[in-house]
């Protein structure tokens, strides 16, 4: 039976020991969606020099590097790659964040953190127009590498 | 017509000047939901000493204090109060984060960041059992104080 | 009867609400002692340009500014003053750290954190000679300001 | 005679006590220039979605908020405004950073740090083309507020 | 004769060059004790949902990851394991922190920092009841790995 | 033809993927100069216990460790060595910062950041005497390791 990680034998929280795990290439990608009214979507491209997507992309990349400061039991690791992509829809923006490392533990949390902070930044940049925006569908799309191998989210879940 | 904040007259991104805003008490609360399978929900209370909700609560409170480091154009401000509450359902956990300050600008982003990071931490603490959990309904519930006054999310939106 | 702070009515951890506390000048000083062998004490002044006390002083001052990042339920506040003083004895070094603010909450933790990190830095700077050094007597010397007013440690406790 | 700040009477470094200083509006602006070859300048606008100036602007604004973490004896203070502007020349880019606060101490270091980190970021974004770029003329343009009042750099110095 | 580390030949402070050291598994454990009155000890378990030990454990683990930010000449390294254990006595709480890495330098400071910050957090969580608590016996228990090999504190020192 | 890094094929900013780069020893050194009036230079050594160069050296070393937090698209990596040296002239101070790592990417930005922050700290420590000081000649002196091999700045450029 699967068990909660981050606990030792006596049930105490710890940063789990990964000393014996293999150093392999690991990558992960995560998704988030932020709903936006047409008014907000329309206002996005009207700023030649200041683009909310640009600010959100940088915020997401920077946040990936801060993941182990935010998630208490997350291992800090040197990221070899981070990217944040956007796809603008009529009712909001899809965000896909990707992270990679060559280390003893995976980067799922880095990808999820990048996607979440990019979404929060989009909210911050546009909240003067509409405060009712919502962040949804924050989930892991895929991870590879490590003992548990490949995980790919089933579409439609 | 409402405009995107964070831009000066020539369309460049900046941390907007709040020097002339009044120092008033401002508070905000935000919501997030993380979906969980019954298997994950059932495993939560089985650890006497290590409780995922406790870790997530502290992570959320700490994240609220880091908001201005994560959201590029957010003002840093001294928070007078932060709380993170949970409500366990059969299909997941509701998270409500509250923040308050006495300052020249509001704390919506602090509340949203606390809720998001608490949710991400719950994911991290339980992902060994199920990687398909999803964070949803991250939105502002309420804000008060400041020039724009009270905002309360309409239920059902 | 006195109660543990940092808990709300339902017993949950939170960053306590200080919104209704008065903004007053508050200061605190704390003490730490690090035991050192004569060999370590003698080696301290032999470096003209690089002085372990200088490095420790700056580390302590910097740590005071990071207190709310280290202590989860500590409020972040703008410090108006931080100082770290040393007194070299034959068997070790006394450290006294002082912090001040004009805010809604006190700076005991800032003073204690500065003293502790200064002591840890002295350990780091000299551990090549002796690993058995010990940090002791980390305690609050005095605090003033705020509702609870003046506290002064009884000598000999 | 003027004296070095940051020292107490016995000559020890400290974060100077500003408790008795007035809380007033204070602002500062600083300049930096980064030299660039024509080849680098020409490559700047060729990226529709990724603009080195945008990344540098956000880096500068974020760095202003981190000033007290970087400069050991700098007070942390809540910034009410930060902006970073660029002027592209044939031989490089001028950077002007502005910061403001309402506090007991000034924001010269915040403006200088924002300008410096924006320049470093431009170097990082373009160094694949040319490593010989140089950052020059990092200086304070102007400060206002506080006991020492207005300072304005003489042009040509 | 042993020498102070962190100094180059001309006596200047530096982060010592570990480039030629071997990458090996290294671990360390450290101890701290915080004295507490019976009144404070008795109040600890009275909070079902909010446990000072839990908050202190997470604070200690998070602090281990921040060690190189706190101790100026400490190398940053990816920790493969961190744990913080408590043992409640009638007159206070023993704290034992353990850290491990696979790197070119040891983790003594990480273990000592985790123990110290856990102790400071216990102070913060309970100081409303008693301000005279004292942190004592902060010392290295054991380290292994690296050129200097195994160190084990003699009991009674 | 050389291209701007940090952009993917569709022109979007990202933290470039270095997964396939070799792990080799890499080092870099950078220079900065801060102009100072004779009055400031003369005041430097008058403080026995508090030396602006010492504070600046530690600030520079600490900043090197924070480079990836400051420069958005910079990879975080474990530094094996950082040093900051000064040479006092009649009209100012030369700063030379050196950094080294064994990693998949270089440390030019770490060296440049250390030199810049050391210079900013010297400004902060002495600005009470003279605000017109200027930071100049911030450039890369040399880098080695990695695919692009050795770079050495031509003297006189």
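Each chain carries a letter (A, B, C, D, E and F) given by its place in the written order, and its residues are counted from 1.
By definition in this document, a contact is a pair of C-beta atoms (placed from the backbone, for glycine too) under 8 Å apart; a residue touches a chain by one contact, two chains touch by 3 or more.
Computed from a predicted model, the values in this text were never measured in an experiment.
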{"item": "If a chain touches chain B and chain C alike, it appears here", "value": "D, E"}
{"item": "Recurring contact interface, reference D-F, options B-C, C-E or C-D [over half identical by residue number]", "value": "C-E"}
{"item": "Remotest chain, chain F as reference, centres from CA atoms", "value": "B"}
{"item": "Centre-of-Cα separation between chain F and chain A, whole angstrom", "value": "31"}
{"item": "Between chain A and chain C, centroid-to-centroid distance (C-alpha), Å", "value": "36"}
{"item": "For chain D, residues that touch 2 or more chains besides their own", "value": "12-13, 49-50, 54-55, 58-59, 62, 66, 69, 72-73, 78"}
{"item": "Topology of the chain contact graph, where touching chains are joined (line, ring, star, complete, other)", "value": "other"}
{"item": "Pairwise chain contacts, counting only pairs that touch as defined", "value": "A-B, A-D, A-E, A-F, B-C, B-D, B-E, C-D, C-E, C-F, D-F, E-F"}
{"item": "Chain E-facing residues of chain F, complex", "value": "25, 54, 57-58, 61-62, 64-66, 78-85, 100, 102"}
{"item": "Residues of chain B touching chain D in the complex", "value": "8, 12-19, 68-69, 72-73, 75-78, 103-104"}
{"item": "Contact set on chain E toward chain B in their complex", "value": "49-51, 54-55, 58-59, 62"}
{"item": "Chain E residues within the chain C interface of the complex", "value": "2-7, 10-13, 39, 43-44, 46-50, 52, 55, 58-59, 62-63, 66, 69-74, 108-109, 112-113, 116-117, 119-121, 123-129, 131-140, 143, 151, 153-154, 157"}
